[in-house]
Amino acid sequence: MQRIALLTSGGDSPGMNACIRAVARKAIYHGLEVMGIKRGFNGFIEADMYPMNLGSVAGIIHRGGTILHTARSDHFMTPEGRAKANENVKRFGIQGLVVIGGDGSFRGASVFHQEYGLPVIGVPGTIDNDIAGTDQSIGFDTAVNTAVEAISKIRDTATSHERTFIIEVMGRHFGFIALAAGLAGGAESILVPECPFNYDEICERLMRGYKRGKLHSIIVVAEGVAGGIEVGRIIKERTGFDTKVTILGHLQRGGMPSAADLILASRMGARAVELLMAGSKKDMVGVKAGEIIAVDIDEALSQTKAIDTEMCNLAVSLSI
Amino acid sequence: MQRIALLTSGGDSPGMNACIRAVARKAIYHGLEVMGIKRGFNGFIEADMYPMNLGSVAGIIHRGGTILHTARSDHFMTPEGRAKANENVKRFGIQGLVVIGGDGSFRGASVFHQEYGLPVIGVPGTIDNDIAGTDQSIGFDTAVNTAVEAISKIRDTATSHERTFIIEVMGRHFGFIALAAGLAGGAESILVPECPFNYDEICERLMRGYKRGKLHSIIVVAEGVAGGIEVGRIIKERTGFDTKVTILGHLQRGGMPSAADLILASRMGARAVELLMAGSKKDMVGVKAGEIIAVDIDEALSQTKAIDTEMCNLAVSLSI
Amino acid sequence: MQRIALLTSGGDSPGMNACIRAVARKAIYHGLEVMGIKRGFNGFIEADMYPMNLGSVAGIIHRGGTILHTARSDHFMTPEGRAKANENVKRFGIQGLVVIGGDGSFRGASVFHQEYGLPVIGVPGTIDNDIAGTDQSIGFDTAVNTAVEAISKIRDTATSHERTFIIEVMGRHFGFIALAAGLAGGAESILVPECPFNYDEICERLMRGYKRGKLHSIIVVAEGVAGGIEVGRIIKERTGFDTKVTILGHLQRGGMPSAADLILASRMGARAVELLMAGSKKDMVGVKAGEIIAVDIDEALSQTKAIDTEMCNLAVSLSI
Amino acid sequence: MQRIALLTSGGDSPGMNACIRAVARKAIYHGLEVMGIKRGFNGFIEADMYPMNLGSVAGIIHRGGTILHTARSDHFMTPEGRAKANENVKRFGIQGLVVIGGDGSFRGASVFHQEYGLPVIGVPGTIDNDIAGTDQSIGFDTAVNTAVEAISKIRDTATSHERTFIIEVMGRHFGFIALAAGLAGGAESILVPECPFNYDEICERLMRGYKRGKLHSIIVVAEGVAGGIEVGRIIKERTGFDTKVTILGHLQRGGMPSAADLILASRMGARAVELLMAGSKKDMVGVKAGEIIAVDIDEALSQTKAIDTEMCNLAVSLSI
């Protein structure tokens, strides 16, 4: 193996740059050449790539976003798009591809491997932490910390008003951010897409707390459940409480990566290179029980990650 | 003068605790007794107050919120409410009152002074910075920093998507936070209640930037102009751009106060005590050109604070 | 079981308050009474304790330090001290004790259990992460994040000077903080007590980088290796490079706990109560492979935690 | 005027990039060309410069450090160095120069103007805030916030130990950072180069607090007074108290600029361009009473900035 390529794909997540740095440095350390592909699979198709050196990744470790940019690529979903990408594989002599992104990106990589045989390694980079086969994905820890800081600031101001604060966090299909941030933030209620809930129960809980002297409550809601503004409107209607809404939005994708994400990104990026050098064909890097592992990319894609019900119950029992 | 009282009123702002500490310590330093009144004018009416000592204000300087709690008081707006408060003035031997809050609170304090003669000192504590007679109010600098940090995080993720990010900040009637945060954040457009705007112009500006290769834009909007979600909907309709909305909400009231707010709060609180000791009857503490000053509270209330048009123009010329 | 007691001991760590909250709430949730003991084992001996209720732990989850205060207790190291503590066990009807702290504190708890039979549960709370039997202790993640933020700020200013920056972090006998922070911070060299090093090698590495055009370097050093100022002096002598030293000191013990520490503290605190209710006699709560576990406290104390050599090697290969 | 040049010089400070952005955008807005000179006056001598466009300054506003790099230049202190620089002035058709830096840099710019007539504008960028003729310099507010955050974290951990914490901040000849950070941080003692102090008084104050029940104290010391480690050693010797030292070092130069610094940098940078366009010959931009002003650069250099004794006294009276 002499030359590999690297791209980031899908929604960006904090720590992607640390992972890019690790892939590039580890590869260079072992004498490999690295092509940095820009704008995800679009750059793969359009030959928008450049050779990376040590300087290409200097000073980027702590920056949010991705220096390679990212995009979702409809074109790569088509056979024509992938055929054009394969021309670039041949043209540039690429012998292995590292894809940092989410499951949509891995699906594309897997199809490309099936069709053209290029070894591909997926590295899970998404704040949603919704990828099976790994305990944690790059960016999740940072996103949760961002949400907890927001909750903490709102708590500062909450202590003297009879108010209900609603904080909408990311999570269209999964409640991982909401659950972790709600538990760490000491939220009174946490609404996630995986668990049924009804407004009666939530409002009753609010009223019960209020009667016991609790003057404020914080409700964390994953965007996939309902818009924060909608939740606020309904609760206000039913309880008469003043509700205030914060929507964190893309705030959660930015910021300096947390130490845990920086370490995870570094370890995963390095492992991706080792896997290619060892002859892997289509693996995803993951972390299980603290150890960096490799799983077949299709196997990982075939599973669904389940929310930890122990943590759900804990959150309820601690916010009495 | 032997005994003064102190309350926080209206919306809380970061730095109020540092101001409480300064009032209490400065008073104790000069041998005065200090009664801390809880829940704003409500506690004044209901005799919810306690004698403060050095320990009462230990370890609070960096905390958001207010240890005295705050509330808006309808009861104090009535003659009956104020009569009850005056009974407490006599009962507890209060000879001066420091009110940390916004213009609504100062209006109440001024009426109370007129009716019962108690010397009152207003200290401007509001993130909105909408109080005439002072260049800055306690909490504004912190709120702007919070908004800028949010913009900075969103910028991290913005660089590789063809997207328009809308950030709604506080400011029902004034655009001070929006203007300062937008300028400091390098926003492409800033919408404030004081300045007319039309969507055509904004959309045209977005399209122009897009044609020049600018793939993302950040628009800061004060809540008084329109809801962020509404702005996002309209821009999407007219330009076809994907718009993403963040609503900071009460996030902006919390967090550790900035150094500038801590210093301002300390200086203003100390001055409030000095004014009472020197025989002031109804003054507001302010800061002008870096100096702590006193202005007649009614004079301050009679004016309206104007937005700095130089800064508006600067923001436009720098975000070309 | 009707009544348990709770104390924090040894050096404080961020997340201790979240753990106190979890112990208290979980116990109250199950109908138990909780006595909060102040100043570690000193308060245990001197009967400095109070019954906790839901309000005792309201609003503390995000605060650094410990509301129960902490201390190292020489008195509890003596049979007399422990005998006095046991009188309080009988006097207050304490049936189980939760000790949040490090290995010295667990040793004291274990001896007390041997002598008087009181069930004791240790919860690992120390930024040093030096406790065997658990992958992570409460406060470590926060301390590493604090150190990484410091490195990141220093990196900002480092890019244009021919300078070597030395950052001294905590770790008298262990290099866990230094290794994690150095790896996450992209440090050029990491000096830990567990691994031999010589200045020749470090200086050579610096010179090599310099010749390749690297104008600045960051060296992270655990305090147990040598003082940062000493390291700076020696490197300057041998290379002629300007060296600048930052000593983080107790900075690393403070600050809002990270999300990971808040969740770990909540889970561990809740488990400590469950263990007492289930009849545990002398266990330490730990986390292994993401799962909360219980290990015999003496077994945990008999082992030594080893540094992860894979991470050491990774740090070296990524900072070429 | 058709083409101007821009450099950063001396120690870097947070906000320099925002100022570079403002100079470049304001100039381009008015149709001027801008040359970015690298590594301060060294790049001026060695023709290390490049034409800047809107893209050159995109995405830099929130970053610490300076994209133009900075250095102290011995060569520019010589007539030969300046003669070479003047050749580049002619070669590149430079008609005005903006220098962002401290008084040493302004002195160089002033001499160059005297010798060769090139219009020069100084913009005060230094965390030390030691430049007369302006109330504030770019970076000071950020550095003070960094120091206050450090104090705040140390305060978290300080509350339960009989300890004295010493925090060494920057300031070789001036105590501006120490005074502001100490006041905002609620420090018990603040040692600055401008004010005499003796250890007896400080130790007495510590003992007095201790007898009153104060278990911990925070002392902020400017590096110009004495090394933090030295101060800790002496206090320990005299009082027997355990002293813990933190040296912030270059931490204070880094980090995302505060909102106030971002706004100040933007306003000052824009004004620098306006001044050149209006025919200024050798001015320094400053801020007085909130207004951006221009002062003759030599006049500013001839004065010495005095510390605010009102703030010194306030700090003492509030930390009783």
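As written, the chains take the letters A, B, C and D, and residue 1 is the first residue of each chain.
Quick note on the criterion: contacts are C-beta pairs under 8 Å (C-beta built on N, C-alpha and C of every residue); 3 or more make two chains touch, one makes a residue touch a chain.
Bear in mind the structure is a predicted one, so any value in this text is a computation, not a measurement.
Between A-C and the choices B-D, C-D or A-B, the pair with more than half the same contact pairs by residue number is B-D. Annotation: 38 Å between the Cα-based centres of chain B and chain C. For the pair chain C and chain D, the distance between C-alpha centroids works out to 36 Å.
With each centre defined as the average position of its C-alpha atoms, the distance from chain B to chain D rounds to 28 Å. Of all residues in chain B, those touching 2 or more other chains are 152, 155, 159, listed in ascending order.
By the definition of touch given earlier, these chain pairs are in contact: A-B, A-C, B-D, C-D.
Of all residues in chain C, only 18, 21-22, 25-26, 28-29, 54, 59, 61-62, 135, 141, 144-145, 147-149, 152, 155, 159, 180-181, 183-186, 213, 256, 258-260, 262-263, 266-267, 270, 288-290, 311, 314, 317-320 touch chain A in the complex they form.
On the side of chain C, the complex with chain D involves touching residues 12, 14, 39, 63-66, 69-71, 146, 150, 152-161, 165, 228-229, 244-251, 253-255.
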